[in-house]
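Everything below concerns the one structure shown next.
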Amino acid sequence: MKALLELSNVGMKFDTPKGTFEALKEVNLKIDSGEFVSLIGHSGCGKSTVLNIVAGLLQATDGGVILDKHEVTEPGPERAVVFQNHSLLPWLTAFENVELAVKQVFKKTKSKAEIRDWVEHNLELVHMAHAMHKKPDEISGGMKQRVGIARALAMQPQVLLMDEPFGALDALTRAHLQDSLMEIHAQLGTTVIMITHDVDEAVLLSDRIVMMTNGPSATIGEILDVNLPRPRDRLALADDPTFVRCRQQVLQFLYEKQRKVEPMPKRTSEKAEATRKRA
Amino acid sequence: MVTLTFPTWMEPYRALATGKMSADQWQTLLRQLIWPVMGIAAFLLLWQLAAQRIDTSLGQFPGPVDVWEQAGTLVDEHQASRAKEAAFHERQEKYIASRLAQQPDWEPVYRDYTGAPTFFDQIGTSLITVMSGFLLASMIAIPLGIVIGLSSTAHAAMNPLIQLFKPVSPLAWLPLVTMVVSAVYVTDDPLVAKSFLTSMFTVSLCCLWPTLMNTSVGVTSVSQDLTNVSRVLRLNALSHVRKIVLPSALPMMFTGLRLSLGIAWMVLIAAEMLAQNPGLGKFVWDEFQNGSSQSLGRIMVAVIVIGLIGFLLDRVMLMLQRALVWDKSSVQR
Amino acid sequence: MKKFIRTAMTALTLGLSVNAMADDSVGWPEKADLKFGFIKLTDMAPLAVAYEKGFFEEEGLFVTLEAQANWKVLLDRVIDGQLDGAHMLAGQPLGATIGYGTEAHIITAFSMDLNGNGITVSNAVWEEMKKNIPVENGKPVHPIKADALKPVVEKYKAEGKPFNMGMVFPVSTHNYELRYWLAAGGLNPGYYAPHKGDTSGQLQADVLLSVTPPPQMPATLEAGTIYGYCVGEPWNQQAVFKGIGVPVITDYEIWRNNPEKVFGVSKGWADKYPNTHIRVVKAMIRAAKWLDENNNANRPEAVKILSQPNYVGADYDVIANSMTGTFEYEKGDVREVPDFNVFFRYNATYPYYSDAIWYLTQMRRWGQISDSKPDSWYMDIAKKVYRPDIYAVAAKALIAEGKIAADEFPDFATETGYKPPQKGFIDNITYDGRKPNEYLAKFPIGLKEGDAL
């Protein structure tokens, strides 16, 4: 079966005054349609760079990204992004923010009424119908992020890219949003790539967790399959042995194997190589 | 968005009227009313005391009472001038009728009153001039600021020029503007006076910089996230400017516009004084030259009115800013 | 007051309609909306009176009067057409036409007044001068000659201090009068050398003269930048009122009944709007007559008009001091000078060629005209600039309308434009307008025929 999204030998070098800096090296990843994939790693490991390359906001210096047989060369609504700090236009209401995206994507195919319905539908999906005529600075951080998700979803993307979407939120709000996200994922079957720092979040939401090594020359360290049945329930999972084991493995990767910010020990690189071959 | 509730600043006065004042409201009342009134009273007292001690060659420096009297005189003069104007029009009617009787094919011309402008006419002239100059400056500065903000090439090309011209005083521009207007604006039937154009262009030249700089900074500092949103949405260049850049830059732009209007008003008065162009500046200069015993009082009236108008112009801009700008935190004072 | 205005208006309107009907001798004005410039001096009175008394309107002219910042701005605005005409220094049309300063052909068909200037010195200089002036009945004997100033200037010179005095414009009456007075007292006021690019007028000078706009004279004197000045009214009387200086002489005493301001327009304007020009002159002749008639009876009213802020704007008392026939020297030393301001009598409004030539001789005397010129040149320039022909048309129209009697004008059939040789100068030198070079030869200080710097 052909993957929906394929990253092959993606590398990223930046020119700096001190010479060339290699941020990413030989990132290879295939993602199937409908899959929920998390990217996890320490700060500065290049997760965001990967995501931005997929989004088309950055151009890889080596290798490339293929989405549904087309190479990614520029950003586009089929790869909608949910940004870390919501990135809503502060002068527009929730409704208008989503509407801007919808009009841009569907202006030729949907009538005015259909556009309005679609905007409202997506806001309902994230439980924001009640505050859709409020401006960003009149609603809470969690609500803003919901609107951000609604905006991305409303574009009907082939891949939904989420850059630490819940990073700035308090634990309770974050839990609510995670539940919503699972609900939506179940309902729409969207393909999702999400960057996170949070191990629990990664295990709870993902089908696969892609663990990245530390930079420079960061790459994929391990990939973990999370074989937990859906729908998942956070309370029930707390004691679930699979959940605990997955959680353990990610923690081990992050805090034992990748504790230091030094160049990779050879063993890990070999393992990564092996992982890539398996994928 | 109109709400018909009591403005919050009025709340303490309502409380005062009903006899129910909280400590907080007392504080507000003190801050809003009592301290300012006391400040003004102290100023008037100091002014009166100081004025009594300053003997100029035009007599004693005018105190608040003299200035108040002169303000009354200026109002009287204005009314007298209006009466003369009415009489002028009456005479003109008669003249036209009599000339038509002698020369039936004559095309009558109705003229405006030819008398000297009063203080209030000068205020009107100054306001029209400052607004025209300010609007012209904005019409140049905003688009140019956007271009400079968007394109680093344009920025590199224009920046030295901006830095060079920004600090130039209106007094330096004035002779050049005057000569250029005289040379270029040649028409037998002028729609507007040359002096108006001179004042207006001088004002524009001096006041466009804050708007230009702030607009370009506002445009440059559009958040990367919003730019990314625009890229993901594949907004074309025009939509990008319209939907993302302009609203983003609006708070900065308004800050610039407010500064510009303030400068415009100051420059205008100076330009009018120097070029003897109609307006409040000319009023001040004429009074200075007259050197009558009332001149200083009349100049003081003009000073207060100039300050008041400057203050009101700023308030109007502030209200506009409040109404139009999304980022309320950018609206200060 | 309102009632008075209304009555006056009705009277005016009645007069207006009758006039417009009666007048056929001068055609309708080609341009009726006019803007005239003036400098805040009492001798602008004919303009203010022609406006306020409705003389302009009766000629079908709708005039706006606008005060100007200084003589240069005023002249430039007449040249570039922002002003249709203006109250000018007699030397300005001549200077502009011969190209001294801004070059432009300016003409005048109306002389605005005689006399009206004075020379004022600071209190300190006056105290020094007083020592050299004889006293009679407790008062200094007038006219005071510059001989009294000479020791003061020499003392300053010895102390290494330049002796600065102000006048209003390089081609102003005041410049020439101040120079005349100084030179008559043996002080060299300095030469101009425009051919060498020197327009400071301070070559070989004992007293350094510089330009200050009239209304700023008292302030500049007070600031100590200058020790004295020559200026028109009310700025000499203002110095007395402010107690900052003492007028020492009026120009009436330097040259009795000297021509002063003129009404200047550009040649191009006059050619384009001949009827308008004639009508302007008509209105101003009437205004001048009003100012002088019945032995200055209207002067108090004129002073009231002039003290309005949009005209001269100084206090009534200050303006009245000179305009009503008196002049105050030292504080309290008020003397009768009935002819201090003359607007109409002695044919004051007639633009005499000989007046023009006197100014040209002074320009030559002080080097503003750098080359020696033949007598015929003086006469040609005078003819080019002074236009008694236009004045005559206006005057005849007024005579025909019955507004002014023919005997109040020169006899136009015989008038040549040259006054007979004039005496009455402070140095007793006689001036004959027909012999400019001979006149120049009489001055001990000054360039003469054949001289060059």
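In this document, chain identifiers A, B and C correspond to the written order of the chains, with residue numbering beginning at 1 in each.
Everything below uses one rule, namely that contacts are C-beta pairs under 8 Å (C-beta built on N, C-alpha and C of every residue); 3 or more make two chains touch, one makes a residue touch a chain.
Quick caveat: nothing in here was measured; it's all calculated off a predicted structure.
When chain centres are taken as C-alpha averages, the shortest distance to the whole-protein C-alpha average belongs to B. Farthest chain from subunit C (centres taken as the mean of C-alpha atoms): A.
Chain centres here are Cα averages; for subunit A and subunit B they lie 53 Å apart.
We define each chain's centre as the mean of its Cα atoms; on that basis subunit B and subunit C are separated by 40 Å. Between the Cα centres of subunit A and subunit C there is a gap of 90 Å.
Across the complex, subunit A meets subunit B through its residues 55-57, 74-77, 79-81, 83, 85, 87, 89-91, 100-101, 104-105, 135, 137, 155. Per the touch definition, subunit B reaches subunit A in the complex via residues 223, 225-226, 228-229, 231-235, 239, 243-244, 247, 250, 326-328.
Considering their complex, residues 2, 5-6, 9, 12-13, 16-17, 20-21, 28, 32-33, 40, 51, 54, 57, 60, 62-65, 67-69, 73, 80, 82, 215-216, 218-219, 222, 238, 242-244, 307-310, 312-315, 318 of subunit C touch subunit B. For subunit B in complex with subunit C, the touching residues are 57-58, 77, 83-84, 87, 90-92, 94-95, 97-99, 101-103, 106, 109, 111, 114, 116, 182, 194-195, 275-276, 285-295, 298.
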